[in-house]
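This is the structure I want to talk about, given as C-alpha cells.
The letters A, B, C and D name the chains in turn, as written, and every chain counts its residues from 1.
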Amino acid sequence: MAELAERTRRFVSEQVFPIEREIVVDGRPMTDALRLELQKMAKDAGVFGPLSPVSYGGLGLDTRAQAPVLEAAGTSLIGPLALNCWAPDDGNIHLLAHAATPEQAERYLRPLASGEVRSAIAMTEPAPGTGSDPSMLRTVAEEVTDGWIINGDKHFTTGADGAAFFVCIARTEDGPTMFLVDQDNPGVTVGRRMPTLDHTSAPGGHCEVRFENCVVPDEAVLGAVGQGLEYAQVRLAPSRLTFCMNWLGLATRAQELTARHIQRRESFGARIADHGMAQGQLADNEIDIEASRALIHRAAVAIDTEGAASSSARHLASVAKTFVAEAVWRVLDRAVQLHGGLGVCEDHLVARFLVEARAFRIYEGPSEVLRWSIARRVLRNYR
Amino acid sequence: MAELAERTRRFVSEQVFPIEREIVVDGRPMTDALRLELQKMAKDAGVFGPLSPVSYGGLGLDTRAQAPVLEAAGTSLIGPLALNCWAPDDGNIHLLAHAATPEQAERYLRPLASGEVRSAIAMTEPAPGTGSDPSMLRTVAEEVTDGWIINGDKHFTTGADGAAFFVCIARTEDGPTMFLVDQDNPGVTVGRRMPTLDHTSAPGGHCEVRFENCVVPDEAVLGAVGQGLEYAQVRLAPSRLTFCMNWLGLATRAQELTARHIQRRESFGARIADHGMAQGQLADNEIDIEASRALIHRAAVAIDTEGAASSSARHLASVAKTFVAEAVWRVLDRAVQLHGGLGVCEDHLVARFLVEARAFRIYEGPSEVLRWSIARRVLRNYR
Amino acid sequence: MAELAERTRRFVSEQVFPIEREIVVDGRPMTDALRLELQKMAKDAGVFGPLSPVSYGGLGLDTRAQAPVLEAAGTSLIGPLALNCWAPDDGNIHLLAHAATPEQAERYLRPLASGEVRSAIAMTEPAPGTGSDPSMLRTVAEEVTDGWIINGDKHFTTGADGAAFFVCIARTEDGPTMFLVDQDNPGVTVGRRMPTLDHTSAPGGHCEVRFENCVVPDEAVLGAVGQGLEYAQVRLAPSRLTFCMNWLGLATRAQELTARHIQRRESFGARIADHGMAQGQLADNEIDIEASRALIHRAAVAIDTEGAASSSARHLASVAKTFVAEAVWRVLDRAVQLHGGLGVCEDHLVARFLVEARAFRIYEGPSEVLRWSIARRVLRNYR
Amino acid sequence: MAELAERTRRFVSEQVFPIEREIVVDGRPMTDALRLELQKMAKDAGVFGPLSPVSYGGLGLDTRAQAPVLEAAGTSLIGPLALNCWAPDDGNIHLLAHAATPEQAERYLRPLASGEVRSAIAMTEPAPGTGSDPSMLRTVAEEVTDGWIINGDKHFTTGADGAAFFVCIARTEDGPTMFLVDQDNPGVTVGRRMPTLDHTSAPGGHCEVRFENCVVPDEAVLGAVGQGLEYAQVRLAPSRLTFCMNWLGLATRAQELTARHIQRRESFGARIADHGMAQGQLADNEIDIEASRALIHRAAVAIDTEGAASSSARHLASVAKTFVAEAVWRVLDRAVQLHGGLGVCEDHLVARFLVEARAFRIYEGPSEVLRWSIARRVLRNYR
C-alpha cells in the first residue's frame, strides 16, 4: 500500500503538476477531454480507481488503504480527477456499489468506475427546499403506472454539466427515495453553472437543475423506496472522508511549497525560514496536517471494521470532516501569508488553493451542522 | 461630521450599490470611465474628497473625522474609489500635501485630488529586492547633470495601469529618495498586471513596472534627497488607517447582509438566526467590528494630536492595521459560512468580499512584520 | 486626568506592590484591617474614591476619566481595593448614588464611599434559581404591615463575609425589587465562603447567604418596588466597565513583567526576547491590550454622553466586557507561557494573576450570555 | 486490551473517584501512604503497572496498548499514581529498563516498578542553567578515584520530596552523563517544594535540589558516560506520550462532567444543553479529544514500530505533545465556562483540573520549543 501511495505521489508530481500549472497559470480550461487524458495517464501508471471495486476495474482499496493514496492524489487540484476519486463520482461509485441492482450496476456503475462517463448528485434545493436539513426536501416523485414522475428544482448539483446521469433524491408517499435519471431524459434541464469559488477542480460545475414532469421507469429507483436518507447516509461517511483525504493532500502540497519558498527568500537580514514567527506558522501547519491524517485514519478504521453506516463511523467521519476542513483552510491561509505578496497572485498555486478550498467547510455538511450532530451524540452518551 | 458620514452611507447605498452589483454579478468591468462617473456622482452628493485638502477641492477632514466617512464609503468595494479615498491615491495625496513643492502640488496634487488623474506607487521589488524590508531596495537613481537616471524593476506597483504619474523610490548616494515620474516618460514601461485576488477594487491593478535609463529632472525629486524612507513613514500611518476604515466598512456591510440572510432562511425547524451557533458568530463579528472601530479611533486621535510620524501614532497605526486586517478577514469568513452554499458563489457579495480582502493582511505591512515592530517597541519600553 | 492616572500608577507601584508581594509570596492574609490600611494610603496619596461622588468624599470622575485611573489601580490585584473601586462596592456605590433616598444615602452610601464599611450584592441563586437568567429569580419578598419578609437562598454573594449591608434582589407581587438589608438583621445568615479561584482580591469572598423570614421595613426598599431589574441594569454597564478597567491594568502589569523577564533570560543562544515566537506573543498581548483600552473608551463615552441605561451604552459595555475578559485571559496565559516553569509557580505574580482572572469571563455575565444579547441587538438592527 | 482499558476505567471510577473527591473537596492530603493504598487497590484490580516490564511485575504493554489504559487511568487526577504510570516514575522506569545494568535494575528498577519507592528526575536548573536548552547544563560531575563528585543546583526536580533516588544529569569531560543518586547521599539536599499550580497530582512536588560535593561510585553512572542527552531522548518521546494519555483522560472526564451538568441545568427557558453555543463548545471539546486520541495513536505506532529514538517517533511525539497539551487546556477551559460560577469553585473538579493542567503546556518541552523543533524538521524535509 505504501508503494501504491508512493507511486501515486510520483505520478501526480511528474505528470499531473505540469498540466495543473497550465490550468492555473495559463488558464487552460478543465474539459472532459482533458479529464479523459488525465485518467488515461493514471491508468497507464497503474493508479486509477482506488475507490472502485476490482470487479469494475478499480483497485478496490479499503478505506484505510485509500487514505495515503488519495492524499497523494490530492497534492494536485486535478489529481483526484485523474484517479477518479473526486466528488461527486466517488460517492456515487460507493453508493451504486452498495445499492444498485446488477442491471443498474452494468448500466451506471461500470462506465462510471471506468471514467467513461461522469455523474451528478441532485440533492440540495433552493430555499425553502432542503439545504443541510433533509426534512425540508421539496422535490416530489409521484408513482404512476410503471414508473414515477419527478418534479422539483435543485441547485448546487455537483457535476451536472456533462453528466451522463443524475442521482436524484425526491419525496414519495413512502419517504425520500433515490432515482437514477439519464441525462437525455426530456424532463431534466441543466440550468446555469453556479459561479462557485471552486472552479478549477470541478469539470461539471455545480448547477441549477430542473426536474419537470420527468418520467422514469420503476427500474430507476435506486435501492428501496422510502429509504433514500438511509442510502444518503451510506454515501455520506465515506464521501466525507474522501474529501478529507484529497484536501489534506492539497495542504501538504502547500506546506511543501511554503517550506521551499521561505528557504529561498530573505528579508530583515535572514531567510524568512529563520524568523521565529514563520517557523511557528510552519509548525502549526505541520500539527494541523498530522492531526488531520490521524483523524482520517481513525475514521477509516471505524468504517472498515464497523461499517460505513455504524454509529462510530458516522461520528468519527463527522469529527474528521469538521476538523480537516478547518485545518486545511488554516494551512492554506498560512501558506498564502508566508508567500507574502506572491501569495495573493492567482497564478501562484497557494492563492488558487485557498480560494478553491473555501467551500470544503460548507459542502457535505457545514461545520456548524456537523458540530450540532457531534454535540447531540455526546449528550446522548452521557445522559 | 455624523451628518457627513450619514450622507456618505446613503450615497453609497443608493447610488453605488447598484453599480457594484453590475460589476460583481454581471461582470461589468471597472474602467476609468466608470471611476469618473462614480466620482461625478460623489461630487454631486457632496461627499467627494474626504482626505484631500480644502484648497485642492477636498473636504479636508482630520483623521478622526475621516473614520466614519471612510467606513461608510467602504460599505461598497467601489465606494472608496467614488470618494477618491482609495489606495494608492489616498496615500499619494497625503504624501504630496506634505512634501510637494508648490509647483509639484499644482502639477500632480491638484489633478489627483480632483480625480482627474490616477497615480501609482512604485516601491516593492521582485526578489532579491525590497518587499517588507526597506534596506533591500535595489532600484538605483544616479545623479547626472540637471537630473537623475533611474534603473530598476518594481512589481505590485499599485495603480500603475493608466496612472498619470508614479511615485518611485530609488537608492541614491545619499540614501533612498522619492521621485515623481510621468507616465509618458520613455524610460518607464508598465508590464503585466499581476493576477492578484483583489481585482474588483483596483482600476489600475498591481503591475510589474520597469524603470530603464529613466531620465527625470531635478524637479522630479519629492522632498529632500536621501529622505525617502522618512517620507514613506509619513505616508504609512495615515495610509494604513485609510485601509482600515475602508475595509471595516466592508465588514459592516457583510454583517448586515448576513444578519438579514439568516433571518430569512430556515433549517432544522427554526430560522438560522435562532440557532445559537449562528448567534455566536454574529456576535463575534460585532465584537470584531466594534474593536476595529475603537482602535481606528484611538490611532486617529494619535495622528491628529501628535502627528503622523510620531512614535505613538505609528505604534497605534501598526496595532490597528494588524488587528483590523485580521478582524475584517474573520468577519467576512464568518459571513460566508453563515450564507452556506450561496456564500461561496462569486455572484454573491460576501464571496467576492472575502477574496478581495485577503491581500489586506499583506499589503502595507504583513501582519508578521507589524507584530515584529510592535514587539520591539514593547521591549524598548520595558528595558 | 492624565496626571491623576500617573499619580495612581506611582502610588500603586511604590506602595501597593510591596504589600501585594507579601500576600502572593508570603501568604499574608487579605483582611479588612489591611484593606483599611491600603485605603488610608490611597487617601494620603490623593487617589482614593475615583468612582464616588464628590459630595461623598470621592473624586467624582466621569466614566472616561475613570478608565486610565482604574487601569493604573488594576496593575495590582489589590490596587482597586485600595482605591475603593472594586466589586461589589463599586457597583453598589453607583447604584446607591442613582437610586437611594437621602436617608438611605446618608446611612449606606456615605460610609461605603469612605471605605468605612463594605457591602455585598445578593443576586445569584443556587439551581434552580437565577444565574444569568433574571426570570428565574426565586427569592421572595412578601409585603406585610410596615415592611417586607424576605425568604430565599443566594450564593456567589460577593463581599458577604464582613459586609455591613446587603443589596438583595427578591420577587414581589409587583416584580423584582431591591432591598437594603443590614448585616445584623437576624433573618440573614452568611454561610460558607465558596472556594472560588479568585481568593486574593476579594476580602469578603463569594458566600452562600440565606434570607429566612428576614423582616425589613419599608425604608429598606431601594428605588421603586417592581423595578429591581431596571436598577440592576443601571448598575450593570458601569460595573462591567469598572471590571474591564481594573483587569486591563493587571494585563498591562503582566505584559511588563513578561517583557522584562524575556530580556533577562537566555536560551538556545539568544535572549528569549530575540526569538520570533516570543515576539509574536508579546505583540499579540499588545494588540489585545490596546484593543481593550480602545473598547473601554468607546463604551465610556457612550455611558457619559447617552447614559448608563441607554441602548448604545449597554451594547458597547457588553461588547467591551466580552472582549476584554477574553483578551485579559489570553494576555495572562501568554505571560505564563513566556515565563516558562516559573510561570506556573504560585509565588510568581503571573501564575496568580491567571488563576484569579478566570472568573472574569463568567462574573457579571458569562461570555455566552453576552454574545447572545449582542447577537439579538444586531438582528433587531437589521430586521 | 480493550478489556484492560475497560477494567481500568471501572477501577478508577469506582475506587479512585471517591478518594479524589476527598482530596479536592475536603482537602485530604496526597501522601505516600495514600499512594501505596491506591496502588494496592490497583494491584488487586489487576491494572497496576501498565508501563513496567513483565519481569518486574508490570503489565508490559506496548505503547499502542498503553494509550487506552492510561487514558482511563487519567480520568482521575490521581489515577495514574494508582497505576504507577505518572511522572517522573513512568519515564524513569522506561529509562532504567532501557539503560540500567542488571545490578542497577535490581536495586532501582525493581522497587520503583513495584511502587515500593518513588524516584525523581533532576534536570532543570535555575538561570542561567539549563531549562529547555540542554546546552546550558551547568551541574558538573568530576571524575575522581572510583567515582564522581557532583556539584550543581537543580530546580523543578519532580518527585524529589520523598524520592528514594534521583536520576541526575551533569556535565562531565566527555559530555552530559546520567547518574543514579540515593536519597540518603549526604551530598544531596532537597530544598523547598516549588509552589507550582499542579499540587494535587504530584506527591513528591517539584523541588529545589542541591548537589554539593556529592560523591557517587562508578556504578552510579546510568548508561555510558557522555551519552546523557541520548538517554534523555530515549526517555523523552515515551514520557511525552504518557503525559498525553493521562491528561487526555482528564479531558474526557471534564467532558463527561460537563455534558451531564448542562443537561441538568436550565436557563433562558431551556436546558443549557439545548443552547447552540453550548453545543458548539461541547462539539469543539469532542473534536479536540478525538484528534488528541488519534495523534497519540499515530505516535505510539511510530514508537512501537520504529523505536522511541527514531526520527519519526520523536517528530510525532513532539507534534502530539504540542497539540494534546493545548487541546486538553482548551477542553478544560470550555468545561469551566459551561459550568458557570460553579466552574471556578475549587471544590468542583473542573476548576481544579484547569489549574492542575496549566503546566502541561510547559513541562517536557514548552509548546514554543516544540514548534521550533517541528519547524526545523519540516524545513529539512523540503530543503
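One rule holds in what follows: a contact is a pair of C-beta atoms (placed from the backbone, for glycine too) under 8 Å apart; a residue touches a chain by one contact, two chains touch by 3 or more.
Here the structure is a predicted model, which means the values were calculated and not measured.
With centres defined by CA atoms alone, the chain at the far end from subunit C is A. Of the two interfaces, A-D and A-C, the higher number of touching C-beta pairs belongs to A-D.
Between subunit A and subunit C, the centres computed from C-alpha atoms are 52 Å apart.
Work out the mean CA point of subunit C and of subunit D, and you get 38 Å between them.
One simple way to say how far apart two chains are is to compare their mean CA positions; for subunit A and subunit D this gives 41 Å.
Shown for subunit C are the residues that touch two or more other chains, namely 275-280, 368, 371-372. Subunit D contributes residues 124, 127-128, 131-133, 135-136, 155-156, 194-198, 264-269, 275, 277-278, 336-337, 340-341, 343-347, 351, 354-355, 358-359, 361-363, 366-369, 371-372 to its touches with subunit C in the complex.
Subunit C meets subunit A in the complex at residues 275-280. On subunit B, the positions that touch subunit C within their shared complex are 255-256, 259-260, 263, 273, 276, 278-280, 282-287, 290-291, 293-295, 297-298, 316, 319, 322-323, 368, 370-372, 374-379, 381-383.
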